[in-house]
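Have a look at this one.
Chain nomenclature is as follows: A, B, C and D, assigned in order of appearance, with residue numbering initiated at 1 for each chain independently.
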């Protein structure tokens, strides 16, 4: 049994952490903080939890020590507060972006300001179980990956690791509106965002940096907001290494994910859900990954084109659920503990 | 040719007025105001108008005189500014709620504050052509009705006027998110509003007051926000007068609206669009109205139950389009001028 | 441990039964049938279950005996097959409409044909735990209520049972598209159904009959399809008995549902989710119920107007989840077993 | 004045042609055909046209001659019927895919069967005014481009024609559900299609062939169905030629489209609608095109990355509206005739 505190509990990621941790068989939620809502019931901000908890928000400046801390605090602000957080608990799961990139220069380039706690960067493990499970078994500071980065890395890594793909990849990411958070501005009003296909990052989306770091590939990513509340999907394009074909790709995916509890290979020849679809993943911790190879082998020695697709719920496998999975690994609990919801169809 | 000014041009109603008036064959838009955006291009706020106008927003405190003024200014604020507005133009079309109710006590009851310009109330005509066309031909101050009120009045009036209905009616109204305006708060974030069925006014929706005034019925209305950007639908329930039946209802509707350019009677026995559906009305100035009578005649002399349905685009027939229709009547232009868009199917 | 069979497993209700029963700690799924898909993997029809089961669809004509049968078979067809079903298992949970109404004349009136197995009707208990828990503890044939009926009955029953409401009520029901099933026709194409407010039953919706039977009230219901996949909401209107007020209503609701595991009273004065909203209930077995009383006491002795609102997921508390809850009661298992999913916010 | 006939008038493209041609000042609609609905009112299939026409569907086998024929007939079937169509009218606007590709081998490769009327291919002009206006002034057989092809060609052509882009491009297309047509199957049921991100063509979408033919580039395209009824957006990726930069790109777009009535360059540095968004184009004939250049100039002489975005309404500029624009050019009418609707914001 672990007593945990969620810092930054009024937002969407904080609410999702709370939902998952309240239902976790090995966890007791000690506190959930919100400076703005301190003293108010948490089910006011998270109405789906009505009847399930009587917790009220705690003042973030008056926290007791606990076993583990989950940080759902803003990018750029978390790094300055990290030294203080580390005093509160022996284990920290940080869902902000501030400790994901090992290279502070890369942080500066993508986030536009110097890193304030670069000395702490080496202490953090990148919290992607499928790539770093062994390290996570003993890590006490874990930086939970970005939602689109998780999808793209899980799509690209099997081929990159097997040397089946050329290093230049492009990624087209699509995301629902919850990624903008509960305090998003007027550009996320329903009347503006509904039914949109908003290319909000035509070039240089920040998650490029994580993807490059974890796969070793040179990734260029654009991102578009589409109509959904939850859900991220990436469509990655690359060239296979010369001679590589659909069979080799399928083998690499099967080998990579056969034992993974939360990655499913979805690459069928036909059918409505032949490739990963976020619509049926809401609330679940699955990341579905799939692929299609263009059989046309180009002349001149260039490899075949491959399209990789991955989908997940940005608040679960793309955030809170993945953090809980990391916790399960760190504590030696069953990896699926608290994460058994299958997702809904239809939805 | 009339030179017109739109006051309050940065919001959704203001944008819709601008779209319609820019395309109107008899109108020249002299100015569009926005205190916040003065000097900025109007197509920044209204991106659908790119390429169609080079207008910039004018300072509302520096307006020249013009032929007609369209007010898309907030409720409760418009009444205090009206005396000033009346000096700017001989004809005023007010899209706020402030001059719709003839009885200032009713205004106080539904809007929660005393009317600041009660002396001006008698000067205003209620801008619903289907009920008041003759008066509108000569009216110089016109209060354009509320969106849900327009739908409900057009649904109820034929039966009320023909004495076919008992006076107690209930109305269930549904509305898209654009009704909350371009400056709506965080409760209208896409993630909260998407797919919602939000009963935001279970009792005493303000438009009750207009409906009562115009139909003479005692109306109780609830309102729910559903997933749509544009669109209002009302479902009204009443009892027919003893002996009245479906045939009498149909006759009353046909008689009332046979010559109306913007009201269509939609009451079929089967089919996908057998009753009014706002989905196919976006952008159009139609209000579709329909009905269904429960053939079961109750014992004890009570009348049959009737369900009336009406649908419109809240920004067009429920606001800007209806205002333009009133203008066409006042100026003696063809009533459809500038209002010919049919609506889209599918949409 | 109980071995169960789902008959009619390829549709939405069948898939939801399968999702819930696969995750139920006391249940083993013996078979899921589909005449059309016999021999095919069930995760082909229900892609959310990929990785969770290797079941294939069984031929409905070749079923072995089991402990309990769940019927997700069509209305009008189930009654003729019931005698055969009863031979297969000692306990039957029927999710069709055929055995919900005790009075075969009522069935004929609402379903348009005579009941083929009227002799079996008295054997069936109406599977609404909040009203009939004691009988369900021993019932072996259970008719699971309709989705809108469940919502309306749970909204109306506390006031009806306490004598706080006049007998004439009207109900405006709204529903998502999954209620039309996986084999719905072209009228449910996305392009036609998206963003719709389709009044498909202006009068005499079939669920009126169940509501009348269970509450003793005279209910008139209309139903509208709105934009959602899952979700039902009802808005009921009635008059309170003379003298009854908001406090009495609140007390009646609290008394009725204080101990209920799946009914939450949601009736706040303000806030985004002040009244029941299906959007946050997808996948959960909650039915949220709430109310608003119009304080205006009419002259002449008539009671105040009350508006009651209820919301649920039509496939869960409105179908498969409610069936599982009935099973839990019948078997003496914890009532929440297999039904712990909280629902998502945002969603 | 021209008398026109629409063949295949019951579908979405047929309905949109009818909407536009009924409102066209120079056109009289002589007939609209539907084998299935012959004799039935056209406003049964196209409810937005209620009150605007009393036409009934004609039998396609009993057509009289007319001035121009618009074909909204299926791919693969139109080629076999073309010889017959050409006898009915001196001018034919074909909205099927059958006469878009000049090379019958390419047709065979992408459509999977040999072309049945290859001898007629040279007679057809490709109906994209922005590239072929001069030829269209005299062309009597016009093949109207595909919806995604139109968007992609208008995005890519300015850079291709100016030699500013390397020949290898990838295209990620997103489309609303109306592209699947009014007779789409169960995979387009609302419950399955709503909120989807369905990668239905991960490689080799058919419109690749048109794009290659018209731009001379080597295009690889994937296509995803997202939540929208109308709307297509393409995101194209390429490398600029060495030395080319954002300024050169902007100049090329301005030069290409400064005089075009229906192409707007939308490429702003910030703002909600900084890049093309189909959401505000429903019903309009605009194609908005934009771009973003990654300023990072790669080492080794490779050009900068450029992302091109285009958006349109698939039924208007991507189909019926573009056909009407071609007709206006052919007849020497004002190019905007019948195509003045601006699009809605919000929508």
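A few remarks follow.
The rule is short, and it goes like this: a contact is a pair of C-beta atoms (placed from the backbone, for glycine too) under 8 Å apart; a residue touches a chain by one contact, two chains touch by 3 or more.
Because the structure is a prediction, the values reported are computed rather than measured.
For B-C, the equivalent interface within A-D, A-B or B-D is the one where over half of the contact pairs agree by residue number, namely A-D. Annotation: A-D is the more contact-rich of the chain pairs A-D and A-C, by number of C-beta pairs in contact.
Chain D has its Cα centroid 45 Å from the Cα centroid of chain C.
Note: centroid distance chain A to chain C, computed from Cα atoms, is 35 Å. Each of the following residues of chain B touches two or more other chains: 12, 177-178, 182, 191-192, 194-195, 227, 229, 272, 277, 346-347. The part of chain B that touches chain C in the complex is made up of residues 170, 172, 174, 187, 191-192, 194-199, 202-204, 220, 222, 224, 226-228, 231, 233, 235, 237, 272, 275-279, 291-294, 296, 305, 307, 309, 311, 346-347.
Residues 12, 176-178, 180, 182-184, 186, 188-195, 227, 229 of chain A touch chain B in their complex. Within the complex, the chain B residues that touch chain D are 12, 15, 19, 22-23, 44, 46-52, 177-178, 182, 229-230, 264, 266, 271-273, 277, 280-284, 286, 288, 340-347.
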